[in-house]
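Chain IDs A, B, C and D follow the sequence of writing; residue 1 opens each chain.
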Amino acid sequence: MLYREVGQYKSSYAADMAVFPILQDRIGVAVILLVAFVVLPLVSSNFLLNTVLIPFLIFSLAAIGLNLLTGYTGLLSLGTGAFMGVGAYACLKLTTFFPNVDVIVWILASGFVSAAVGVLFGLPSLRIKGFYLAVATLAAQFFLEWCFIRIPWLYNYSVSGAIEVPLRTFMGVPITGPNATALTRYLIVLSIVVALTWVASNLVHGRIGRMWMSVRDMDLAAELIGIRLFHAKLLAFAVSSFYCGVAGAMMVFLWYGGAEADVFAIDQSFLVLFMVIIGGLGTLIGSFFGAALIYILPIALRTIPSAFGLPIRPAAAEQLTFVIVGALIIMFLVVEPNGLARLWQIGKQKLRVWPFPY
Amino acid sequence: MQSTGPDLDTVPKLLMHNAGTLGSRPAMRHKDFGIWQAWTWAQMLEEIRALSIGLAELGVKRGDKFAIIGSNRPRLYWAMCAGQALGAVPVPVYADAVADEMAYVLAHAEVTLGVVEDQEQVDKLIAVSDRLPHLQQVIYDEPRGLKDYDHSRLMSFDDVQGIGRKKLVSDPQCLAQWEAGVAAGKGSDLSVILYTSGTTGRSKGVMLTFENTIISARNANAFDHLDQNEEVIAYLPLAWVGDYIFSYVQAYAAGYCVNCPETPDTVVQDRREIGTTYAFAPPRVYENVLTLTTVRMADAGWLKRKMFDFFIAFAGRWGEKILDGERVPLGVRLLYGIGNLLVYGPLLNQFGLSRIRVAYTAGEAIGPEIFRFWRAVGMNLKQLYGQTEASVYVTAQPDGEIHADTVGKASPDVEIKISDSGEVMFRSPGVFAGYYKDPDKSAEVITADGWVHTGDAGFFDPKSGQLRIIDRAKDVGRLKDGTLFAPKYIENKLKFYPNIREAVAVGADRDFVCAMINIDLTAVGSWAERNGVVYASYQELAANPLVYDMIAQHVDEVNRSLADEEIMAGAQIRRFLILHKELDADDGELTRTQKLRRGHITDRYSPLVDAFYNGSTTAQISTEVTFDDGHKGVISARLTIREMRPYPARVAKMERAA
Amino acid sequence: MHILYQIFVDPFVQMGTAPDLLVQTLWDGLVAGVLYALIALGFVLIFKASGVFNFAQGIMVVFAALTLVGLHEHGVPAFVALGLTIVVMFVLAFGVERLMLRPLINQSEIILFMATFGLTYFLIGFGQLVFGGSPKVMIAQELYLPSGAFRLKGLGGFVSLQKIDIAAVIIASIMVAVLAVFFQRTRIGRALRAVADSHQAALSVGISLEQIWVIVWFAAGVVALTTGIMWGARSEVSFSLQIIALKALPVLILGGFTSIPGAIVGGLIIGIGEKLGEFYWGPLLGGGIETWLAYVIALGFLVFRPQGLFGEKIIERI
Amino acid sequence: MRAPSSNEAALGEILLAVEDVSLSFGGVRALAGVSFDIRKGEVRAIIGPNGAGKTSMLNVVNGFYRPQSGRITFKGEVRTSMRPYAAARGGIARTFQNLALFRGMTTLDNILAGRTLKMHRGFFWQLLRHGPALKEEVEHRRRVEEIIDFLEIAAIRKIQVGRLPYGLQKRVELGRALAMEPDLLLLDEPMAGMNLEEKEDMSRFIIDVNQQYGTTVALIEHDMGVVMDLSDRVVVLDYGRKIADGTPDEVKRDKDVIRAYLGEPQ
């Protein structure tokens, strides 16, 4: 209905292969970016930024990371939380060693550490796949979690055993630590997420994305067109872990401001996996949808009853959240196993062919 | 902006002019290899020049005839102009014609050269080469599959252009010589021979001069204010005069861009991508699109269907008034705006019609429902009446004076009169130069003082002052009791139902009128799906009693409307049957422009006609058919004849018919 | 050199010098392994019959135990509560089949896997909502389960065997035996095996797939209840158990996803392996390696024998 | 129609030689001492009854199976066992009996994936998808469009292949193999499950590929009519053994072949 595609013809392959070939989509993306960068900073309260927007963006990035591995390459991983943790601890160590280098650099650099660890634990993917590989990633999860607790060097021997985020400034403005404002942190997180999403989109729309999807859809055929499965899989592990690592570093440095090892426990892995599946495997936009639903839904469930003046015990609210989220996951899978992104696509397709049904 | 001037009296001259004035604007686009390849006027001149000089090197000279065979692709259009620049005359041929049909035209036109699309056409020419003594050279666009062919008389388009380009480099005089050749062309020169696939007998070669076509084209451009900003899509057969004028001469005269679709199957998608502003189509196209709309909407959800029906009905009431700029209440305008957002706009957009400024229907009568539908949703659809012999334009409807049942007023510079026998006659600058190698026939059609017999019976509508066409003059007959019998008039009424694709009415010199009907497989197939009717073939569906019931209802409604008209009331349909196969041009039942070849059909189906009038309730028929790949077979069937009850003639409410 | 000594020599010296500790560790490992095996067993049942990688098996253990204790807390007599819990597990199996498996039929395995995640969440929330979130004590005595310990002297010290552990091993053995008989001898059991081989084959012998799903999920539920009672009696009934339930995964890797003997042997290897590892090598790494050792053992296996101990060699055909 | 080419092909040099190859799975013997060669520019058919080892033979040739004994020489190099990707790098492309498309990807992406080996822009440029990486994508897209045009699948270029009818999927798979610009094209029952019209189209494509690009083709086919029409030479396998090798006419008259196909008269 809103799509008016008459006259949108492509006279070059570059235009035809663009990520958003339809004008209306490009306008939509521009509007979203405008809202995210200009409107939301103007109207959002600290509460909204801290409890909704910042975590939503961070989880979206983690979900993109896992989606590159699970959705695009078809390798199931249950170690997301640990890879996020690697990013967080790596960032702490890096900024401790080089306090004068901007922390944003270290947030991004910590992704590389995570990528290296990811490759290490991706090695078994040479021989195993499917659920077997999932169990291998569990090994990574539990081993790394153990490292976070048992190796005091990682958390700078702090008494609490937790990461304590130091104050770091960028051109005089505090960006991490207790003095950093929510708005500053939001804008940094947003910029990083937007940039990395763009990069991920570039990757999946090009040769590498096709390579991954080939491995996912039919690994034997992929090998027979000359793709080295091992390389493709390890690359997916590396890139995926990079994203998760950056997300983890942002989580501690730009959101929590400090964290213990249990933040990166297996629950976090599952949470991100939910986001990816509910959002839609193999779609970037689905990662955002999934993060929104899985992260924001519980918040809404907690706040809505009190907003209507219904007294509800915090514990009961939490338990109810579990029930509802669990039921919703099953319901979503029943209604649309391909996730919210698929629903979105169907809706978009409906709008494109409107008024016709197909 | 029009490219006018007395010195611009040939198409090649227009090309050179446009290359100079519109150099960087797009002249043609072609969706090929997945994207729209474009040529500016300057680039197109270069391409055409190279080809033209290459052709000259191959021996093409002034007065030669050369064939153009294939679908709408830039290179075939270029070949026309390249030949014309040398003074040679293009003879476009229907690409889907079988080799045998093609052989007649090519032999008659004495073509010395063929420019063809691909292997398929090359094969056809090779198959009949012994009947084409003049043919010396064949040039093909698409090299695929032709690698191992004997290339002694075969050459690729690229190679010919290569020869031309080499010559341009090696011979400094060449360019000037070529340009001098173009300048030597005159408006009165023969520019093209278009073979009309007549509904009777062999086709005739209509000779048109540059003047004929260019003046007609300029008048048409001025009439609808067309300029270099138009986008059109070329999808009609190259051999049809409509395409020649509309996608070629008018484009050169106005300087607008012609777009060639990727394949014939992707025209709708391609039109949508380009967003054409000016369109020209036979009623069948508008009808098919409407049928598609109806069929697809039938599958929509309940709410959406209701909404669609509501807004379409609303548009039926007000849309045309709004389009014609009449005053309507504000509420209506508002609701129409909402309708435009929800239904009309998206609908036109789906079919790539939202940027249309002017769309014409021509060639045949269009169903008033169909015509009004498109106007109601906001597309400026108009009617025109034209002929190959007139370089298309005889009459056209000016903006704001649109009627479903007339074909408009005389086009600029055209005079029209109705002969005593009721035949429409015209005189104009577009009047053709005669039939090729057939002066007798030419003299028969063109009177000494320049009037042309159209062969159509018609009259001027007293209310609107516009021309109305009833039927082919020679087809209008009478029943035994003297009642007027205009078969096409009746057939058109039937064909306006989406379920009926084609109809043949018989009744001249008989006691009553009968009809043979072809169902529309898309519409009836979709109906069958919704109603759980199972069928394996067209034949089976056509014989289904439920389908018969449905068609009988349509026939009944047609009868009722005929009863309303004084002179037609006696010509109601008494008996009908549904044919077991689709009428097909490959079997000679239709012309290549999909018109009925009435005589041929009544011969072929004479057992059915006999059964109509000897009271049988069923009839056996065997017919030879030609399959897509050219081989022939026989299909036979026993068809049911359905009896209809006529309505008594009513006192005529003649407000429209008179 | 010292580190090599610590890794390769010292642990074995310790084993030799204090055999009582070695036996004690082996016994602890055996009991843990039996319980891992029981969880894995429930898992294998479901995977064999419905191809679902049931992530919720661990939580079903907790849920069953919680229901049992919860009902008893509300005044229901112990054995009535036990009966009711079995009914609850049946209702759960029925609900899962109706609301989850049936609508998701023909979906890819990862989708079904995710659905069991959803089930996990649901059961966690639901269990806590109904019975409260605080850890509970298993009603071991009411169910006439033994408590206390045998102290076996000898081996230069003594070995302590908890009676409940002995009971667990016995009950687990009975459970496995019953299941084996059930699979081998009964009509339903044969049907289940038919399903495991081919859904088509099962349909052709006239067994409803839906019924079979209910039965296997119910059977897995009963196994979970048994596991829950045993484990609960050893420690406490709380949702922290779910982490332990994840240990079933490496067990499955070792034993193969479809093999019941594999589940048992795998459970024992993992149980004993991680206890030995923790006790003798753990201190070298600062302790707590129990959390990940099982996975690393499984991973080591995977790389050398991807199809598991009892799985068939996979020949890929194209 | 294409009578003249078979003599020329017989003169072509040997592209691939299979010598005494044996392969078994557990106790099941799939191939027993099979030897034959494929010459440059020819269309070579491998035929035989079900279970004759035809597909196994192709799997050995492109490195998917490792033969227990025997020798394979490709382009003059001995390769007893090579990984499938190495075979692909060497210029062997392949289609499958039961389709092995990337179902979640569009026709275009499937065929573009076939170009992976020809694309060299590194990871960094891929991150940006601008500049050289985009230029490379565009170049290969152009090449892919030629294949799309060649196979007449323009109308489905942006449709997910999983949703296409079987006959078209077969065509896309051929397109993906062609995108690799192989020296040797292995086709495993390219016409299985097709109707007459689709078979005719596919035959035309195979002939065109062979003639226009000079690609050497080795195909497994059941339809004897197709085999006789298309191929220059035929090798016949039965129970993992070669029982005949020669021109279609020679093979057609061979007694062992007739026996294998019609069963042994008792």
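What we mean here is this: a contact is a pair of C-beta atoms (placed from the backbone, for glycine too) under 8 Å apart; a residue touches a chain by one contact, two chains touch by 3 or more.
Fair warning: this is a prediction, and the values are worked out from it, not measured in the lab.
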item	value
Two chains sharing the most C-beta contacts	A-C
Farthest chain (mean CA position) relative to chain B	C
Length of the line joining the C-alpha centres of chain B and chain D, rounded to whole Å	46
Distance from chain B to chain A - Cα centre to Cα centre, in angstrom	57
Computed distance of Cα centres, chain C from chain A, in Å	32
Chain C-chain D separation of Cα centroids, rounded to whole Å	49
Chain B: positions in contact with at least two other chains	34-35
Junction residues of chain D - those touching two or more other chains	64, 96, 100, 141-142
Multi-partner residues of chain C (at least 2 other chains)	318
Residues of chain D touching chain A in the complex	62, 64, 83-85, 87-89, 93-94, 96, 100-105, 109, 112-114, 116-117, 119, 121, 123, 126-129, 133-134, 136-138, 141-142, 176, 180
Chain D-facing residues of chain B, complex	32-35, 144-145, 147-148, 262-263, 265-266
Parts of chain A lying in touch with chain C, wherever the complex brings them together	76, 124, 127-128, 130-132, 134-136, 138-139, 142-143, 145-146, 149-151, 220-221, 266, 270, 273-274, 277, 281, 315-316, 319-330, 333-334, 337
In the complex with chain D, residue positions of chain A that touch it	12-14, 16-17, 199, 201-203, 205-208, 210-211, 213-214, 216-218, 220-229, 235, 282
Sites on chain C touched by chain A in the complex	53, 99-100, 103-104, 107-111, 113-115, 117-126, 128-129, 133, 243, 246, 249-250, 252-253, 257, 285-289, 291-292, 295-296, 298-299, 302-303, 306, 316, 318
